[in-house]
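Pasting the structures here.
Look at the two complexes coming up: chain A is in both, with chain B in one and chain C in the other.
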Partner chain A sequence: MSTKQRKRKPAKTAVKEEKKIAAKLIPIYIMGKRYEIPEGLTIMKAMEYAGYILIRGCGCRGGTCGACGTVYRKPGDYKLQVALACQKTVEPDMYIAQIPFFPANRATYDFAGLTAAPEEVFKLYPELFRCVACNSCTKACPQGIEVMDAISALKQGNIAQAAQLSFDCIQCGLCTSRCFGELAQYHMFQLARRIYGAMIVPRAQHLTEMVKAVGEGRYDRFLEELKRTKEDELKKLYEEREVEPMAAGEDWKPKDRRYL
Partner chain B sequence: MSYLGYPDFFEPYIKKVEQTRPARIEKRKKGEEFPFMSLQERQDMLRYHPDYKEEGRREIKVGPSKGYRIAHEFVDLLEAKSRVDPNKVDLSRVDYEADVLVIGGGGAATVAALIAEENGAQVLVATKLRHGDSNTMMAEGGIQAATKREKDSPYYHYLDVLGGGHFKNDPDIVAAFVKQAPDALQWLERLGVMFTKFPDGRLGAMHGGGTCRKRMHYCADLSGMEIMRTVRDEARNRKNIKVLEFSPAVELILNEHGQCAGAVLYNMETEEYLVARAKAVILATGGSGRLHVQGFMTTNHYGATADGIVLGYRAGVPLSFLHTVQYHPTGVVFPEQIEGWLITERFRSEGADVLNVNGEKFVNEREPRDVESARFIKECLDGKGVPTPTGKVGIWLDSPMLDILHGEGRVRTAFVGKWKVYYRLGIDISRAPMLVYPTLHYQNGGLKDNAECETGLPGLYVAGEVTGGLHGENRLMGNSLMDIVVFGRIAGKNATVFAREKARDGELTLKHVKAYHKELKEAGIVADRVAPMLLPDYTTAEVKEKQLTVSYLGTLR
Partner chain C sequence: MSLAYYPGCTLKTRARNLEEPAVASMEALGFKLDEVPRWNCCGAVYSLADDDLIHQVAPVRNLIRVKKQGKNELVTLCAFCLNTLKRANLLMRQDVAKRDTLNAFIDEGIDYSGEVKVVHLLEVLRDEVGWAALSQKVKLPLRGLKIAPYYGCTLLRPREIAIDNVENPTILGEFLKALGASPVDFPESTRCCGSYQVVSSPGDIAEYTRPILNSALKNGAEAMVLTCPLCDYNLGRGQKELAKKQSGFREMPLLYFTQLLALALGLGPQVCHFELNHGSPESLLKEKHLLSQVESFQPIGGQK
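Showing the complex of A and B:
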């Protein structure tokens, strides 16, 4: 699978992530093989404790990158559970397998040439309508996203809702691995979010104005001046600079407007 | 039993936080702030910062920055041999060809690849893990740019960057950065990044530590993830960007004219070393939290092992500002499962207090990161930290205040990523505070470059965390996400121009690696270390004791 057990020269710089925990050992089954692991570790740390060196199935170790999608079952339970290996704490007698990669259909598109019309999404992902609303995707989502609802929104042409519902999607692909209709939900959501961000939400007018002012060289003189300013003087400018109060509203304006 | 999801052990401590909360909320509402430190007070406080511990570092004995004192963990990697015998790599057999080779697969690398492609280059991206696996993906707080003309400008952004970096920053790099930040933000907006906005499209913005204007823009608490997945998606649409995953570079390749002309790649799954030739190279390998400098925990992703520093240094690029690394003030200390995990500064930006064991404020929560971290460490050294049942010590971050200040549900919606992870562990952070301590977060310095992302090696460009100069000795929140975009774009453009106009054909060579080996030997460095490290080693001693294979055929990974 995705992991290799190898001897390596001990790196002097390596620091143990595992502490000497005087915790109770519990049995877990990594791809069917039994290991005894201190309780309280995450699945990822448990695999490393067992001796695995992860190449695949390990990324940010903080629950945001989607590299470590994992499925497991517990004895006597028909239900397949899902988790992120870096987030889920081991439980006794878990049978664990990681799904570090799952093939998924992704459309390519010229984003700048798209519009916010729902038909654009339908054309790129016609399989959207193969969804039978079985809700397996939602059950498989380790982020707790209402995946099926977001797909339904897309089917109804509600790109904004699909974008908002799927915002914390980490693209681990577990939904796709369980999909009866063989949809790659997370790629569809990515498209929806981009269309929403670029074409449905109004653009920031103040940003356009600032970009224009910078382009016209409005701040060049100030910056050149700062570049030439000595450290002592800079420190003075820094300490004297007006700080926008924490509680200030959007309408706050500074007193000193010379460098705006 | 538990109290608000924490073990009973914490009950008396959490109750102290709850007792002082109403009065603290009142102060917040009145706009009363804990006083900021003066520049002198900040300087004095920094002696509690790990960077200022002399025993934590030593002089490096070889290479272009010989004599520079940096953390042992960096020196260990730089005083190490190549992973390959340079005599054995057949450079006449080229496995991959490109105009521009991008090394790394995070934010800076992907942005650079996009711009290089737009300028007409055939781009090859070689990355160690998956495309997108990076610290960018994990960045939460936001991205700084002066965008509101009525109250902010690049002038103030410049001053803030310098104040954060102790006025040591490279002025040209900072000026280029603050000037191009607004355009970079607009570029992201047009790619479809879902910034948090007001209904009229106005960008939400808040303070970060050390900012004088609210200019930190954000995408809920998943700013980096949203930016990373958007630029990655765009890269996937471009037919002239090819991505090689699980294929880190282990050496740069030069040509006979002294230009950077490719890299030796390592397929981590088949253990083959492969030759990639290019007309220009962009090094964007990110940071180094997984070196665990001074034994600290880290917020960084699995691949953050300073590979680019090693590659560039061996090829003659000096180091800059690598004597400082950033400890983020708020990493989780408890629960153990998420120890070291980053809690975004935005909790403090929105008004969550930091508190000692007595539930008292002892510092303004928006000092620059190094000062804030040093102050936390001091409070704990003074015996006023909050103990944990696992023998550690921490500081409270009073997240429930945000629901009171900004309305019920604020934590749940504005910090959905954090809330969910804690909730899975039985803790509702809209009701219970979080226990934190400084954690290794960012490599302030790196390879020396200029505002054009050029290094001393012609044809080698650098961008993002692997570089040094922009942030001086301490980065401010929100400036790394902008760093990767601004300088990723500059590197992408300039590398393409170099590939088109200056790159020369010529025989490939690894002479610099041989010379480096010789220098190591002459310096009397007897080490069996190899570098780059590629992946950290979390194998336990018990397992290692039993790994008794005499030797491996093939390579040591």
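Showing the complex of A and C:
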């Protein structure tokens, strides 16, 4: 960071400060203690505003890593609600608790030795059959996954369906924290997606052929050609390259087919 | 005609030979077994504990989801699923306090009080198709096939959910007659196969199944017809044990009623998945000219 930028920063902060004073403050409760927080902040930013320094449970801050699972309740409502702290903006009077980690049984296995048979999942996770269909897992999912349906799919031997239903899982573990039968749903789904990806989805034949062709050196001379090209010429080639149109059909081919 | 249909977990894994011939047969009879889109385990076994409401959640949730789709009847194939779903349904009809607790907990957005009628496929065949109409659709009559109709417990007990006369059931026998087969009456046709007792005491399997199998054999049965994957498992394993223990004991093919239905309707052996049966029916079916001499399948019975 340059000095210039550093000099500029206090001025910026001063402007922000004015805005902060203007922002409406709302009360929230973090681990039972009341804080006044400017509205519009995410739960995570609200915690930092309140003085918490987050060194764990704050991963990507983009809603994809699953590290900031949060449960909260509003006064007068018995329903427990869930959110990702980095995504959910604070609401007045919410009582917040972070569940950044929850202990969960994860089976160890030699993946190469597995098959796509339903019994593989039953053997590694026999607790699957402790599910009583209470549906608490589904209610606890901040991603809106039909968690219990995916567990049912595993019981029914439908690994593909379990993988597809759980596709948006970010492994936050909130389902597991609520499970009556002590299942670690998200680890079971990870196994299902691994089996699905490796053994159930049809192989992409064209990819195998292309990898083989690359391995056999079919494209080596083009690479060599590129390596010898001067920078200016490279830039020109890049700028004048033929781009596939957005609405191109599957049968689209470039005009220059030397490299196909 | 479309029927809301509940398969059950085992029918999707071990007992595909119960489900697949049923779906194909009903299609041939003009009915579509329309699998309900979101279903979970039926609960596997009906909990008899008075304060164990959590184990009613699974069957009741299934029934609520059927009601939410606007369906008022649910067809089952597995006798155990029928039993669990029908008894939970009865609880929802009769016990107001437990109904309220379950509705509040299950939280599916609608209240349920047992509106869906749970039926077994045999009841559909008897009451909606009719034995006479069924026998007219038979293309390959199962002539000369002497079969013991085995009911076990779950189609008939308790009395409140029985699909037929509890003491003297005839539904399977009439079904077999409609297909052209010869039902073999035997006194142990409603005796328990051991059910889930064999989980805690696997060594007792032969003793549970011995009276049933011996009684059927003594009365001249060449095969036994079943409606339940757990009966199939216990009787199949029991036969293997008895063959080792009892000199002169003869194993017989165990067949699901839906396999016989598909075979008689002329749908061919492929749809029946005989390879999944305990004890291969291959030689018996060939002997009765119900299977061509060239057809063959590998049974799983030998691996047990």
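Just so it is clear, the second predicted complex is superposed on the first by the 236 of 260 C-alpha atoms of A that agree within 3 Å, B and C clash if a C-alpha of one lies under 4 Å from a C-alpha of the other, contacts with A are read in each partner's own complex, and residues count from 1 in each chain.
Criterion: contacts are C-beta pairs under 8 Å (C-beta built on N, C-alpha and C of every residue); 3 or more make two chains touch, one makes a residue touch a chain.
What you see is a predicted model, and the numbers here were worked out from it, not measured in a lab.
Enquirer: Put the two structures on top of each other at chain A: do chain B and chain C fit, or clash?
Expert: fit
Enquirer: Who does A:180 touch here: chain B (first), chain C (second), both, or neither?
Expert: second
Enquirer: With both complexes superposed on chain A, which partner does A:118 reach: first (chain B), second (chain C), both or neither?
Expert: Only chain C is touched by A:118; chain B is not.
Enquirer: Between chain B and chain C, whom does A:75 touch in the aligned arrangement: first, second, both, or neither?
Expert: neither
Enquirer: Figure out whether A:133 sits in contact with chain B (first) or chain C (second), or with both, or with neither.
Expert: second
Enquirer: Of the two partner chains, chain B (first) and chain C (second), which one does A:155 touch, if any: first, second, both, or neither?
Expert: After superposition on chain A, A:155 lies in contact with chain C alone.
Enquirer: Considering only the touch criterion stated at the top, classify A:51 as touching first (chain B), second (chain C), both, or neither.
Expert: In the superposition, A:51 touches chain B alone.
Enquirer: Is A:32 contacted by the first partner chain B, the second partner chain C, both or neither?
Expert: The answer is neither, since A:32 touches no partner chain.
Enquirer: Tell me which partner touches more residues of chain A in the superposed arrangement, chain B or chain C.
Expert: Of chain B and chain C, the partner in contact with more residues of chain A is B.
Enquirer: Which partner does A:62 reach: the first (chain B), the second (chain C), both, or neither?
Expert: first
Enquirer: Chain B and chain C, closest CA-CA distance after overlay, in Å?
Expert: Checking C-alpha atoms only, chain B sits 19 Å from chain C at its nearest point.
Enquirer: Please report the chain A residues shared by its interface with chain B and its interface with chain C.
Expert: none
Enquirer: Mind listing the chain B positions that touch chain A in their complex?
Expert: The touching residues are 28-29, 31, 33, 38-39, 72-73, 76-77, 129-130, 132-133, 137-138, 146-156, 158-159, 162-163, 167, 171-172, 175, 178-180, 182-183, 185-186, 189-195, 197-203, 207, 212-214, 220, 222, 224-226, 229-230, 233-234, 236-237, 239, 246, 268-269, 291-292, 295, 299, 301-303, 336-338, 341-342, 351, 366, 390, 416-417, 420-421, 424-425, 528-530, 533, 535-541, 543-544, 547-549, 552, 556-557.
Enquirer: Mind pulling up the chain A residues that touch chain C in the complex?
Expert: Interface residues on the chain A side: 118-119, 129, 131-135, 139, 146, 148-149, 151-152, 155-158, 180.
Enquirer: Tell me, which parts of chain C touch chain A in their complex?
Expert: Those residues of chain C that touch chain A are 7, 9, 12-13, 38-41, 43-44, 54-55, 57-58, 61, 105-107.
Enquirer: Can you list the residues on chain A that touch chain B in the complex?
Expert: 4, 6-19, 40-42, 45, 48-51, 53-56, 58-65, 67, 87-89, 106, 108-111, 143-144, 163, 167-168, 170-171, 190-191, 193-199, 201-211, 213-215, 219-220, 222-224, 226-227, 231, 234-235, 237-239, 241-248, 250, 252-254, 259-260
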